[in-house]
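Shared between the two complexes below is chain A, which pairs with chain B and chain C, respectively.
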Partner chain A sequence: MTTLSRRTFGKLALGATTLAAPMGFTRNGWAQGKEIQIGIWGGSQGEFVKKNIIPAFEKDFGCKVTAEEGFTLANVGKMRATKANPKFSVMFIDDVAIPICKTEGLIDQLPSADMPALANLYPRFGFDGWGTALAISVASMFHNTSITPPGSYADLWKPEYAGKLKLVSPKNTPSVFFLIVAAAVKSGKPFAEAQYLVDDSFDKVAALKPNIMNLFDNGPQAAAEVAQGQAEIGLLELSKYIYPYTAKGAPVTMSFPSEGSFAGNNCQVLVKGAPNKDLAVAFMNRMIEPAVQKAFSEYALTAPPVSGIEFSAETLKYIAYPVEEMDKRGLFTPDWEYINAKRSGWTEKMNGIFAV
Partner chain B sequence: MNETVSPLLKVVVGIILLIVVAPLVVPLLMSISDTPFIVFPPQGFTLKWYGAVLANPEARASFLFSLELAAIVTGVSLLLGVPCAAGLTRFKLPGQDAILGLILSPLIVPLIVTGVALLQLFAMLGSRATLLQLVIGHTVVCLPYVIRSVSASLLLVNRNLEDAASVLGAPPHIVATRVIWPQVRPGILAGGIFSFIVSFDDYPISMWLADGNHFPVPLYLYTVIERSFDPSIAAIASLMIFFALLLVLVIEKVFGLSLARLAS
Partner chain C sequence: MSRADIIDVTASSSPDLRAAREIPEGWISRLAGKAWSLLSGRYTGYLLVAPTVLFLAAWFLWPVLTMVYLSLTAHSVDGVMVEGFTLENYIRLFSSDLYFRILMRTIRIALMTSLFAALFAYPLAITIARGGPTLARLVTITILAPLLVNVVVRSYGWQTILNKTGALAWVLKLLGVSNPPVLLYTEWAVLIACVHVYLPFVVMPLAGAIGRIDRTVEEAARVAGATRFSVFLRVIFPLSLPGLAVGVSLVFSLSAAAYVTPQILGGNFSPLLGTLIEQQILTLNDWPFGAAISTLLIAMVLASNLIFLKLVSRRFARWTAGAR
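This part shows the complex of A and B:
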């Protein structure tokens, strides 16, 4: 048996400490040199993530994050196509797609023990542990500031609005909000009940056709067109696409009819079998940290899903925050599991009604 | 040639050109508007949107990457497409129609389907080489344009001239370079131009295969439109119009391309 002298042991200990130093003394040393690919949104949110959040995260963790800008349907498609050998670790999608991803086995539950920032997340934005919201927009009507918008959605069916409305395209998620509005106007019931009556409300949808000038599939473009007076009112769109123009001084803003408004929840999910899962979880945790959420929300004019953030009065003009304010405004989140099962049929019917 | 063109034809051609070209003036006018959002007609005059686009590192990187990608794809498409077209037009091969149908199939299948299928294939292979994936994806789409264009010019080659050159003692490489090449050059050039433009403009294939470090112009344009609909978008569109014009002028100057030669 070899025996070590005290001096030899001391040298070995010193050498081992020296070798381990880069890992032990560097904050987040475990992440050094690791790389993840994430799918994010385009728009101002994507711009902020790429230019501000990712560079700071890479610096803190000594890692590389490659972000690919896209949109919910494309991001879900990418997860499906790479399911056998996942390429992405984190995906940004809307809440509408979370039940689909869960059912298809595309995402994993979040390891809450490794995400201390979850402590501040409002429970309603936790999706039973299958993701978290990142930003909440209000979906409602938007109009040129030269007109007085109607106080009720029901008024939009009146002949005085003939050819003056822009309607969101059936391929965009807010078109579902419009169908629920039509069902609510026809039945006189609140959104929570009306969402289950959409199948019987397409005659009401068709009755609005004479008032529709055209359909739009790009929110910022529609906001610019309404600002120029090409149409008086647009329905419906998320506040994150409209308020940046309002803040720039364009003559367009949003209004909130008496029936209520909708919540548009932008979320993040953890891809099943994610490469470098530990780094992916750390990134998701970073995304919901209060300091990041405050800056992110102020840039994109969206509400954060976490509690305890202070905003200026100017920012609060554009967002529904905190959660009590969301409740006060009656922000409605549809039953996406029910709607997803019906959506393709509804899209087909809408296309049939509004096709040229 | 002293063919006279009727005045009526000139008027009709003029009207058609006006209809085709007039919409291009709209982004040019919108790009000089001194407003924080797009308006038409423009209000005020400024060139700051051009400055903003040219100074934007993201825009520059996307533009240079698209140029690089389109150049590589054009080279690869010509390397594969010209021999393929020659083989298909000059020889009788078993299953020739099936081969041609397979090569031209990307023109029939929606590109978005081709793109997602390629992404699935590359994921199964465990590939992370984004540039290589994009080159393969774009080449699949561009190859039919090269093969169709080159095949058409090869079919129009006067075989009697080749026979005459051979009979007069010209070796095969001289026949190829001095007899065949001048006749097929416009077709190859047209195929190359189509290939470059299709690759440069491609969105559906790139949407599936690109990543943050390899982000072509069409994808960048889409993200900019999503970010904010300000006149910088019109400035990018105008720069692309200028670039296309410049490309045509350079080709005309360097290769002596003319409508008559392409049509021949």
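This part shows the complex of A and C:
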């Protein structure tokens, strides 16, 4: 073993300190001048990320973050297209697509040691380390405030609702929630079991057709139509599309039938082979820090996936938080791995019922 | 101006033309001279269409070939694309009653849109071609106005007119209809909006065709005792067939491929093939099957247009045979 003299050690220490000084004196100096490209959502959530979260992060880290808007499957498409030569570092997608990204090798597991904010993440929103949730919406029924909504989904099949319901289109994720509801109503089983009985429940789905006015694929538009009285009830949609209207005083709100509700999880994932991975991880960590989550949740009226955030009573009216409140409302997250394999066939069956 | 006139002008010996054809010295001049001789020679036609052909080859033909190739690749059930050749997508497409019925609806809507657009187009085209200049301009502007509005905005406009508390229901109630029909989210809503937006595509070529009909032919028919309707039926209609053919082909193709209008006004109860393509590609991530439906749509539109144009040209040749 080589021994160092006290003089040599002193020289080395001085040299190392000199070299490290610029980084040590500048906060997050390692990130200076680095750049990452991220895929985010459009709409109000994307707007908040671009206008508030990214500028503060860029200032703190002396870096550049370029955000490109898209929706879940478009963002998955971008990861596919750049798989050989990754361009994006972080991608925002819904939980439905995480199993697909995992199977196709598009994403990496998160380095938990480098993400201190993970300590506050509720385990159910960690997706086995393949991403984190960023915002949780409740998917349920919405209705015009002039009517009393049914207490159970089963009531929607009654003739008194003929032509008064708007149903979500098969192209939207909440249509899967509706299929689970139909299976639960037919079988009398909870959502967790009913999701595996959807194949046998399309007769129940078809029986609802006389009550359906149309199939909608635009949540805010459907909320506006229900508020105008074009239809009485819409099923099902995420609260983030309905509550902004409710909060502005429109006569539309959500109701939570006895069978339970669904969790719509907006998530973030780390792209495999991400350029400037360290900066990407820092950004993902920032996204789940309590201060960021509080502001983000209050803006979009979604629940945060982390514990320990205080909200005003007004905000708590619109979000299911903390996790005990989610459980109380029976927020259910489907088995996406099973459903993704079935979804094409289910969509074809729904088209067969409603489109011809 | 007749073909003979054109030949006469280019062959004229006016000093300006002669000066233009003289080739100055220098390599640029020689190059220009070479280009000129090519353009005025037997390759003129090829050279003139070359830019368009290249453009279409790069931005239409190549994507279509890629799409056809994609329609022959495989796709696993959990949304992951896999390499390999298969006819599975086409077998699925033709073995399901659903896709056949939606294909039939697509053809039906496209045909009905073309028919109604043609019916509405004739009076408008005659007004543009034969009316006074002010009226012709006014009609032209009115006809083209819908094209200035974004298709989404226009569709939402129709939605506010056709919904159950909309303008149409209000007018019908004023007229004493106690329970007016709601057209929104039906095939009728899709048809009305398609005719509205695609009407200019028939009117303009038709107006051009009618404008080219020699008025003396119509006058001769009138002098011979034909009524106005007979003149339309036996003179204007046959001689305007080329314009009608162009217009109807455009409207048929555009209606068959329509996506936004059926999506917004059909309420997913009346989807056309375009809606299914979007669903397969963006929702189900099944690009190969989406490509197979797209290939079917393109083949159907192409075949329909070829058959229609062939029929029209045969009919036109027969009707105008006596005049040649």
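By definition in this document, the second predicted complex is superposed on the first by the 331 of 356 C-alpha atoms of A that agree within 3 Å, B and C clash if a C-alpha of one lies under 4 Å from a C-alpha of the other, contacts with A are read in each partner's own complex, and residues count from 1 in each chain.
Here, a contact is a pair of C-beta atoms (placed from the backbone, for glycine too) under 8 Å apart; a residue touches a chain by one contact, two chains touch by 3 or more.
All figures in this text were calculated on a predicted structure; none of them were measured in a lab.
K.L.:
Clash or fit: what happens to chain B and chain C when chain A is overlaid?
P.N.:
Superposition result for chain B and chain C: clash.
K.L.:
Does chain B (first) or chain C (second) touch A:250, or do both, or does neither?
P.N.:
In the superposition, A:250 touches chain B alone.
K.L.:
Classify the contacts of A:228 with the two partner chains as first (chain B alone), second (chain C alone), both, or neither.
P.N.:
both
K.L.:
Applying the touch criterion given at the start, work out whether A:113 contacts chain B, chain C, both or neither, answering first, second, both or neither.
P.N.:
In the superposed model, A:113 contacts neither chain B nor chain C.
K.L.:
Can A:169 be said to touch chain B (first), chain C (second), both, or neither?
P.N.:
A:169 sits against chain C, while chain B stays out of touch.
K.L.:
Taking the superposition as given, does A:217 touch the first partner, chain B, the second, chain C, both, or neither?
P.N.:
second
K.L.:
Return first, second, both or neither, reflecting whether A:74 touches chain B, chain C, both chains, or no partner chain.
P.N.:
both
K.L.:
Now for A:313: first (chain B), second (chain C), both, or neither, which partner does it touch?
P.N.:
Touch status of A:313: no partner.
K.L.:
According to the stated criteria, A:347 is in contact with first (chain B), second (chain C), both, or neither; which is it?
P.N.:
A:347: touches chain C, not chain B.
K.L.:
One more residue to check, A:99. First (chain B), second (chain C), both or neither?
P.N.:
second
K.L.:
Report which listed segment of chain B has C-alpha atoms clashing with chain C; options: 39-47, 57-65, 165-173 or 201-209.
P.N.:
165-173
K.L.:
Could you give the residue numbers on chain A that contact chain B in one complex and chain C in the other?
P.N.:
Touching chain B and chain C on chain A: residues 74, 228.
K.L.:
Which of the residues in chain A end up touching chain C in this complex?
P.N.:
It comes out as residues 73-74, 76, 80, 99-100, 103-104, 169-172, 213-217, 225, 228-230, 337, 340-344, 347-348, 351-352, 354-356.
K.L.:
Tell me, which parts of chain B touch chain A in their complex?
P.N.:
Touch list, chain B to chain A: 36-40, 116, 119-120, 123-124, 126, 128, 207-208, 210-213, 215, 219, 222-223, 225-229.
K.L.:
For a test of understanding, state which residues of chain A touch chain B in their complex under the given definition.
P.N.:
Against chain B, chain A makes touches at 37, 41-44, 46-47, 50, 66-70, 74, 77-78, 81-87, 218-221, 223-224, 227-228, 244-245, 248-250.
K.L.:
Under the stated contact criterion, what part of chain C meets chain A in this complex?
P.N.:
Of all residues in chain C, those touching chain A are 77-81, 96-98, 101-102, 105, 163-165, 184-185, 263, 267-271, 275-276, 278-279, 282-286, 289.
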